[in-house]
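Just so it is clear, A, B, C, D, E and F label the chains in written order, and each chain counts residues from 1 on its own.
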Amino acid sequence: MYELGIVRRNIARAERAAVEKLSAFGVATVHEALGRVGLMKPYMRPIYAGAQVAGTAVTVLLHPGDNWMLHVAAEMIQPGDVVVAACTADCEDGFFGELLATSFRARGAVALIIDGGVRDVRDLTAMRFPVWSRAISAKGTIKATLGSVNIPVVCAGALVNPGDVIVADDDGVVVVPAALAAKTAEAAAAREASEAQKREQLAAGVLGLDMYKMREPLAKAGLRYVD
Amino acid sequence: MYELGIVRRNIARAERAAVEKLSAFGVATVHEALGRVGLMKPYMRPIYAGAQVAGTAVTVLLHPGDNWMLHVAAEMIQPGDVVVAACTADCEDGFFGELLATSFRARGAVALIIDGGVRDVRDLTAMRFPVWSRAISAKGTIKATLGSVNIPVVCAGALVNPGDVIVADDDGVVVVPAALAAKTAEAAAAREASEAQKREQLAAGVLGLDMYKMREPLAKAGLRYVD
Amino acid sequence: MYELGIVRRNIARAERAAVEKLSAFGVATVHEALGRVGLMKPYMRPIYAGAQVAGTAVTVLLHPGDNWMLHVAAEMIQPGDVVVAACTADCEDGFFGELLATSFRARGAVALIIDGGVRDVRDLTAMRFPVWSRAISAKGTIKATLGSVNIPVVCAGALVNPGDVIVADDDGVVVVPAALAAKTAEAAAAREASEAQKREQLAAGVLGLDMYKMREPLAKAGLRYVD
Amino acid sequence: MYELGIVRRNIARAERAAVEKLSAFGVATVHEALGRVGLMKPYMRPIYAGAQVAGTAVTVLLHPGDNWMLHVAAEMIQPGDVVVAACTADCEDGFFGELLATSFRARGAVALIIDGGVRDVRDLTAMRFPVWSRAISAKGTIKATLGSVNIPVVCAGALVNPGDVIVADDDGVVVVPAALAAKTAEAAAAREASEAQKREQLAAGVLGLDMYKMREPLAKAGLRYVD
Amino acid sequence: MYELGIVRRNIARAERAAVEKLSAFGVATVHEALGRVGLMKPYMRPIYAGAQVAGTAVTVLLHPGDNWMLHVAAEMIQPGDVVVAACTADCEDGFFGELLATSFRARGAVALIIDGGVRDVRDLTAMRFPVWSRAISAKGTIKATLGSVNIPVVCAGALVNPGDVIVADDDGVVVVPAALAAKTAEAAAAREASEAQKREQLAAGVLGLDMYKMREPLAKAGLRYVD
Amino acid sequence: MYELGIVRRNIARAERAAVEKLSAFGVATVHEALGRVGLMKPYMRPIYAGAQVAGTAVTVLLHPGDNWMLHVAAEMIQPGDVVVAACTADCEDGFFGELLATSFRARGAVALIIDGGVRDVRDLTAMRFPVWSRAISAKGTIKATLGSVNIPVVCAGALVNPGDVIVADDDGVVVVPAALAAKTAEAAAAREASEAQKREQLAAGVLGLDMYKMREPLAKAGLRYVD
């Protein structure tokens, strides 16, 4: 967070097995499994519907209007990584487009999460290179100022350490600390199993009021039914 | 509006026949037919394109970060209802997801209108359960505070009384008071009939200036043509 | 900018040949070719994905909640024009819908760019009449106040003179002054040619760091690699 | 809400005695006394700090960019009234300035609450005519479209019926239904009395944890203290 | 608008006499006198209340996060100028602070209008150097990219040509084209004279309805009074 | 960040001497001294002008609409602390008012930084208890959900660890990591010394262009002066 002009080469990525397990779950489930923390702000939206990814974070700190560090980050990408780009100030410029996506993909990146703008969204969609961003903008950027790569960053309100697991889908983006990845995957699996049962009951017309035994606490809280 | 902790069991729903008539028209038409009032703010957007619904309102007042009352509302749903959820303060949390949608649908609800966030949007889209919301967010909510069900609420800037007709499509959401439903449906039909004629003329190249006889009032207002 | 109640009949449109050349390029490319100026704000979004247009601007200055001048503008449209509507104050009302689109298309318009709201988006999508707007709203407007047609306007932060070339796609909207249209088209073509080569290299795994020879300037700027 | 072009002459104002009692309390206290409902959105800000008013609502429904109905409303003002102006769509134009304030004051109005913009704020401040608004804007408005006066309106997210009590200060604006005014004033007085005692204890260093007996419920909820 | 890297040395400033006349009027009055055009967006706010200035524009085009051109602009300032800074993309960084204000003032500048952020607002307030800006931010900027000085710019939605008159007060900022300065000052004076009479009548309790003879047009438009 | 329901009793506060040194500098200076990082978003504004504080952070993680943890935090306050409250989702409710301020002050707190709303701002101003917040709102909150105290939080986009130094003034809020406090204070002092010399030159009419020797790099970058 406090070092500009730094590129960290060796980062401790979350274990591949845990990432793969997490990739089976949606963001809402992972967020619950993690204890309702770690979500990016809801202004982060996918550029096309239906994408779902899980990968390990390579982090980047950008300056407004400057995408130099994305080129530096490209070299740090390993297969299965998700590039997570934060910015020192709110900026909707188009920091990333189809050429960088081609480069990132060639290095093995599976997605970009950027607290800024992107462009060439039609090409990116055609390539199926998923991006979650705060904006879409054709505006280009310069290459003049040093940020950093692979330092802790705050992206869209969430702290991301290099190597953390990023899970993203149509509901948004959640960050799972590398050390909690395996445990969170287990909790997500348990949650999903329990949801299957609930879904069946609810579909059959059972009320959540009864299934979750809410009638008593509601009455205690003072809920009154009137005609 | 001013009673927390209340669930009204019996509400006067708009007549089914009027609701069905209204379901044939788009929101823009209904809004015009109603006299250009009753629209929710344009930040209310459908989670997927192409949905169009009309139904009777079951209203809910939520607190930020708390979806307890949606479970209470489920029991009040009758076939053909649209659940309309307001919140005591702006909040983009994901109050509603696929499990609640399963329950609402089992009860007969045809849509949710919520001045808050929703999650599981991929699942909701797959289920074709339409939702109009102010945000999409994976963030879960708690069940701790009493709001109310079936009281008048202000949702996205529009007053909604239980039983009012809700019409929603890609253009947004409009509220038709139950007492005006039949009359509004008639006005909408008349409007649509008149639009068909206009459309034909405009498609043939006739100008609105001539068709609507605007040249004289424009000249009177002082419009000048220059070369 | 400073004349209300004026309609300019004769405007100098950019040459058709230049417009056609520009129509082959995306907004991001044109914006770069023009020297990174002339973009509208990124809040201007297409009502459906995949549209791409280039045309000559017929400009309109509206007042909030009043679409009278769009009818006046219709008469000024020539085949290949794009109507560009600015507003004297921020307003998200639905100034434009399917009837006006029918009329505009009959006159030869290929798109609408409006710093306001539009409605009937399902119909507009079905008609494939592309619109870039700041909002979608079912709210209708009145016909009471004189604005102007074919004067210079500021639309979504960009100055547009009548006759300028408008290029729009999923990335947004860019304005090319009529006098620069041919030159910009050439620059865009050159840029695109050079990008094809770069794309190939990047896809083969060459790093931008090497391809753009960034390593030396980065080191000079003080970038440090750590383990 | 659903009648345009209507001016209601006779409205049932809250009793003067209750309004006067309410005028002794801040908005936060009244809002609590009312059961935590009835607040306008926090974007409603006073044009100068330190104003505090309580009065009975004369309501106005405006259209974007049109302040005609404010002139109509002036005639309906009685001494002690607060004019509450809603708008059919979000609009930041300057609907109100020093001339209208002079007129409103001559009729006995004590404040304006407007979900729109105002201008002449230096003059209004010098006159000490308090206004709570969503914006400050020098932009003038026209007089062309009928809204209504003294119908129920939704202003900044709150339902206001003519005659309701409006209480406003630096914290915002709250609406007290006329029928609840006396009871709310009593509850506010009780609350304020109880707060005086609490304030003394807290100032002496007693913790809210102890004063409100929160330690047990916190422990029950699972709060853990670690070193 | 379309030339980056340009500094225009000689600009045609509005006549000093006209500027001085305009300095006697508030922004709302000037905006009306100009025909209700030329206003910047209402998000432009003064950093302290009570400032009022009129001066001739020296324009600057900045890039996000880069204030290099403000230093270039300093040399172009002549006594009585107002520096007007636009940015190629929305950015709230603190482009300007107390040191630059010291320099600008030494050159004779009377104010800064910036579609971006400023810092050192306490010092600027103590110096009584007035600034209208979109934000306050302590964040510093770099000096790396060429913009331009004294080209036409769009600042907060308004076109500003070098030499135009800028009038700013608590209500916002208005731009008067140099060629219209004298005429606008006259119209403003006439308007203010007429307002003095109206103010007196309104203060005496005369209604705008009668003074402006609105009763007949309102009745014609269909306004109905009910009890 | 990832532990809910935790209160950390012992935190390593930055050294008092460093905090005192930092208290002599404005936020803009400290932010520069720290290397242009660590700023909170500019939407964080003081509730009254002129406050300036430096203190050590006691951190709190809140849930939307729930201020329970502020009471828990009160017990952790030591003289000279600044309470920094983050929220798991954007919420503008009034989490804090005059009673809590009384309690915080009794414990020795010198300010509150809250990514949410506050109320009783007139009383807080009268008490001179400074608060930087994202909103002012009279809306009260509940006490139902466990957050945490003294864990790392992201507040208004900045990472804050318990014990870090918070510096806040009219320009905003900056976070100095405890370990960097002394060094940052030195850098700030050096910067301020150098600024005094520059200020004198600029006030005498020397241009930044010359003082900072920018003419050559500007020419190299291609800046052209035209008449």
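We adopt the following convention: contacts are C-beta pairs under 8 Å (C-beta built on N, C-alpha and C of every residue); 3 or more make two chains touch, one makes a residue touch a chain.
Keep in mind that this is a model prediction, so the values were computed, not measured.
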{"item": "Touching both chain A and chain D (chains)", "value": "B, C, E, F"}
{"item": "C-D or D-E - the one linked by more C-beta pairs in contact", "value": "D-E"}
{"item": "Interface sides of chain D and chain F: same vs different residues, half threshold", "value": "different"}
{"item": "For chain E paired with chain F, centre-to-centre distance based on mean C-alpha positions, whole Å", "value": "31"}
{"item": "Approximate Å spacing (C-alpha centroids) for the pair chain B, chain E", "value": "41"}
{"item": "Centre-of-Cα separation between chain D and chain B, whole angstrom", "value": "27"}
{"item": "Chain E: positions in contact with at least two other chains", "value": "36, 39, 88, 90, 92, 137, 139, 145"}
{"item": "Interchain pairs in contact, sorted by label", "value": "A-B, A-C, A-E, A-F, B-C, B-D, B-F, C-D, C-E, D-E, D-F, E-F"}
{"item": "Chain F to chain A touching residues, read off their complex", "value": "1-4, 34-39, 41, 88, 90, 152, 154, 157-159, 177, 180"}
{"item": "Contacting residues of chain F [partner chain E, same complex]", "value": "26-28, 31-32, 36, 39, 42, 45, 49-50, 52, 169-172, 174, 195, 198-199, 202-205, 207-209, 212, 214, 218, 221-227"}
{"item": "Touch list for chain D against partner chain C, complex", "value": "63-66, 88-93, 137, 139, 142, 144-145"}
{"item": "Chain D residues touching chain E - in the complex, by the definition given at the top", "value": "5-10, 68, 71-72, 74-75, 92, 94, 97-100, 102-103, 105-107, 117, 119-123, 125, 135-140, 143, 145-146"}
